[in-house]
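One structure below.
Lettered A, B and C in written order, each chain numbered from 1.
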């Protein structure tokens, strides 16, 4: 017996001849938050709807507290859900929307009223209660949908990309509020999102979905620090990953990497990334000329010219930047590769566009992938 | 050609909704000017008024001191690049040439000008491709080229990059910035993305609910927001705001039971500006340091005690939410500092805040007072 | 530049003038009918444009010819036909929109194609059928006939409105714990109300104006206004005043009806189109 509250075993689902979910197995303990992270079409919504009982899996079991609930209708599963479309009843007032699950539960009027006002106060929508649901702003609609789900005394809360259509600013504000809410209420929840930052920030565990399969499962830190393949590494950084290409060669003085792009240079692994010496040796790839991709996140590089560089130094031309206020994300081009590096705002004290600049990449922080398979090295 | 744009007392009402309220704005010649605000703040309406696509309910629009308020759009000689390109199903060349042909420009000149513009935007190789063969980024470039080829007085861009994927967006954004340096023309750029405005513009007007909250350079707005809204809207996460009490007798500013700082001159200035003993402290999340053990504040810093409520990992940073006597402060830390600190929810922490990064806002008007 | 600006303004005024002319052209027959209905016989030809003296004698005469009975019949048939069609089409539309019915597309096409059949081609078999069933000349028969005629378009229109509501809405309500009946009547129907009203108006206008079936399937007691109007002929040619009076009474209910539901109707007409 596992101690899982919710358990999925080998869930499969096809629409016609398209496999939407392929052998999904997952477990979730009470009070935990799990994120389903994946690009559109990866099967997140279908999985949530199967858990809710709104759709039926082709095979596999859903267990709650160790009991199979495959045949339980949706309203008996103790599940509340916020839909991607929010699914507000636009012809009703906010009050009536939030009341909906309570009316279905046939609660007495006074109890209902008290609950509605409590949750409305909690989500700061008290002033909207009498407003029609189609007269709300994006952020307000989102809160109402949240209130309608949370007012229900459910055991499991499902959230399907609830912030997706909001301005970035409102979105991040709601994200923090949402996490606070979750922490205060201590409810078990599953949160589907295509946004890596949301998944990282909100959850205890992340399951990365890709083409209906679980690509990687782990804590946010595990996943962010060591994405299992190159696709995920790029996805997690919003395609802001720096990638160096090369092949592993053996030399008398140790294992070396012969870089081919964006610069041609031969570097000794023990000098630049001593933590990788053993991994590369164990893999037995030394001397096989295996092609690899070395990835470094923008925050793990520097561009300040004053500092001594202990990593790989590359000279590149600055072609643009993104101003994040206290930090500047600098884009520098070398041989058709654009490197992305965070820098302090002081760099804008001079006119940097078009300037050549030294960039220092810290290879000890790098994650290395097999170029052919795309899989991370040193993953056992 | 030069143009500076001036809006005087502009108000625009749609039915019962006031989209723009009493706006005064001056945009200088050759300036890259951004109008920034959340959706529904009136920024697009402002742009459409400048273009002549909407007539203001009240107020005047001037181009170079010439009143153009009732001049129809097509006589203002402005080019507007929309959020979604509207291109014709023909070659890139024909798409760019079209605005010239419809103006009766000679064939030779059309050829020359299209080539010039294509060169400018890196479209030369693609001139004879059909529009369907282009990537979204290139299509938006064609849309831009079609505006540039007319050599208008003024460019109006309405979130032209939102449909692009992040990487293409950044590349085109950089190109747009360097393009503006070369063509040396006034560009007015509307966006809801603060990072885009900060990265592109010489000056930014921040709008909220139909009103301009502040006009300034990116760092004027970032460092000295004129209101709570601007402080919150710029920066990720936005500025922290903490209600504090001003104690005239001890010349101290207090957060609940904790004294934040003591300064006779500061307190007297604050008292002078608000006739209230309450003030709102504003400080950006990235300027606060967290410490586990209490230390001397040291020169130029103040130390405040709090409890960790929540920790958010965003990949590039950690955001720690700290509670101080019922108030909440977000602290933004880089990954290494956070992991070195090793804190968990419900633990006591000490916030070290540089005094020169603290701003003061009026609790009622929400404007910055110091 | 200055010259072309002038031209631009000229064009603008010209556009307005054309629009005003068109509106007047459309309204003039209505104006003529309304004024004629209130004119005395003497004034009718001497003063075709203005109304100087108001009289109700045309209406009195219309009443003698059974105009008000015919209006009553029109109302009964229209209300009954529209009501029955709506009831059936809402259920059918929901099923077509939400359930995976085998051969759904073919079925939908078949339903809609009955609408393309010219009424005159159907009228003889239906006449024979109604006579055998004893439905000829009864309200029930006419109501059944008109409900049948209205159904295809009604189903098709309401279905496209329900299609516009995300299925998530139904699912959200089911997760809230509601029954399917509740979902249909309290959630889905109120949300497609503009569409239901629009289809109601279309059906009502069609039935109200229908002539061919009415002529053949009604009796003296049940004949609607459209049939009455065609049968009125004075002893000495047409009595325009009387015809105008009946027409006023005939047009008014539908104008008032459309006016009452115009808010929903406008939303109904733009609802589906704008978002696509």
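The criterion applied here is as follows: a residue touches a chain if its C-beta (ideal position, glycine included) is under 8 Å from a C-beta of that chain, and two chains touch if they have at least 3 such contacts.
Small disclaimer: the values here were computed from a predicted structure and weren't measured.
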Query = Among line, ring, star, complete and other, which one matches the pattern of chain touches?
reply = complete
Note = More contacting C-beta pairs: A-C or B-C? The answer is A-C
Ask   = Using mean CA coordinates as chain centres, what's the chain A-chain B distance in Å?
value = 26
Inquiry  = I'd like to verify one number: the distance from the centre of chain A to the centre of chain C, where each centre is the average of its C-alpha atoms, in whole angstrom.
reply    = 55
Task = Find the geometric centre of each of chain B and chain C from their Cα atoms only, then give the gap between the two centres in Å, rounded to an integer.
result = 53
Remark   = Listed in rising order, the residues of chain A that touch chain B in the complex are 137-138, 167-170, 172-173, 175-176, 179-180, 183, 196-197, 200-202, 220-221, 224, 236-240, 297-299, 319-327, 331, 338, 342, 345, 353-354
Task = Sort out for me which residues of chain B touch chain C in the complex.
result = 71-72, 74-75
Note = In the complex, chain C touches chain A at residues 166, 168-169, 171-178, 182, 187, 190-191, 193
Note = Counting only contacts in the complex, chain A reaches chain C at residues 49, 52, 54, 74-75, 79-81, 83-85, 87, 89-92, 100-101, 103-105, 148, 152
Note = Note: in the complex, chain B contacts chain A through residues 38-40, 165-167, 170-171, 173-175, 177-178, 192-195, 198-199, 218-219, 222, 233-238, 284, 286-287, 309-310, 312-316, 319, 321, 330, 334-335, 345
